[in-house]
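Reviewing the structure listed below.
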């Protein structure tokens, strides 16, 4: 059994910006040359999300945003914003509900995901950011 | 340390169909004869959910459905549906928020869960399907 | 590779009571003297939540509560409540959506989290309780 920890980095625009990180995760797996095990994908930051989603424009550009606007709208006057002179209360709420960490199994060196199921990073924050995601492989 | 990967399969009806998979997970654990470690339960497909829930009819048949109908109703005209001639935009949104993967620890060969806490699979899709869930045990 | 399982215990007040358990998790990691790996944090009970959140009063005392009240209000007449003479249907729904389990990587003996990202336990139940959370370390 081995454990290998890597970091991937990329730039995001914020406001529900959804990034397909499946190719980066798969490439870490290929490089590690492990056969069977799992990959922990964990985002750094309390205004981020890690989940799976069919990465297609309808969901990515419209539907996910509209869903979150119903119960954690960006424009609401959150107590978080009033307390800290901040404007990203919505981002914190979306993050806590989506989760920032996910584990996916692999067998024969390949991620086990559905055909239309991608691993996505979501930047819920209200400004462009440089983001880091930890990819940790455990297996043999 | 060992790592063992199995798949369980079952049929679902869709539309928020909730299946208690705790007995299947426990039986994989019993068969593996491991003492201490954890089990990754990961569903294949972007219209699925894996979480824990008290598996009782009130929640399973009514309350969970009513909650999701408030912010991701099946009948809404999603951009996903318009783009792909599809009808399951709601299923994708419910899946991304619920999550499709979960890890539960075990000690003395037994899952550590609350008395009323079951591991459930939810099929959010809009038609009956044959489903696969990966059960991966890591431990000693 | 080692696997070490511990339990932390604390008292909660219920009704969305949010507890910062990051120091407890970090102290289990320090004691284990592992360098690289991950920690599974798994709550026992179907009215609990484990997630990450900026632990500051605005979010913790107001905003998180207000978000959940929109789609899983405590005062609603849930089928769960009617069936079991219970009053915590909202707690079960919030728990299934938030999730009760989380895995965080560590490197050089330190948890990899953002500066404002804490590991929190949420008690969604409707009464004070004694709670247990499993902290399981896997690594070397």
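When the chains are written out, they are named A, B and C in that same order, and each has its own residue count from 1.
Assume a contact is a pair of C-beta atoms (placed from the backbone, for glycine too) under 8 Å apart; a residue touches a chain by one contact, two chains touch by 3 or more.
This one's a predicted model, so the numbers in the text were calculated from it and none came from an experiment.
Colleague: What rotation angle takes the CA atoms of chain B onto those of chain C? Round to the nearest 5 degrees.
Modeller: With C-alpha atoms aligned, the rotation comes to 120 degrees.
Colleague: Look at both sides of the chain A and chain C contact and report whether the same residue positions are involved, with over half shared, or different ones.
Modeller: Chain A vs chain C: different; shared/all numbers falls short of half.
Colleague: Could you grab the centroid distance between chain A and chain C? Build each centroid from C-alpha atoms only and quote it in angstrom.
Modeller: Chain A and chain C have C-alpha centres separated by 19 Å.
Colleague: Would you mind listing the residues of chain A that make contact with two or more other chains?
Modeller: Within chain A, the residues that touch at least two other chains are 1, 70-71, 97, 99, 103, 138.
Colleague: Which chain B residues qualify as touching chain A in the complex?
Modeller: 1, 3, 5, 40, 42, 44-46, 48, 70-72, 78-84, 89, 92-93, 95-97, 99-101, 103, 134, 136, 138
Colleague: Could you pull out which chain C residues touch chain A in their complex?
Modeller: These residues of chain C touch chain A: 1, 36-38, 51-54, 56-59, 61-64, 67, 70-71, 97-99, 102-105, 107, 112-114, 116-118, 120, 138-140.
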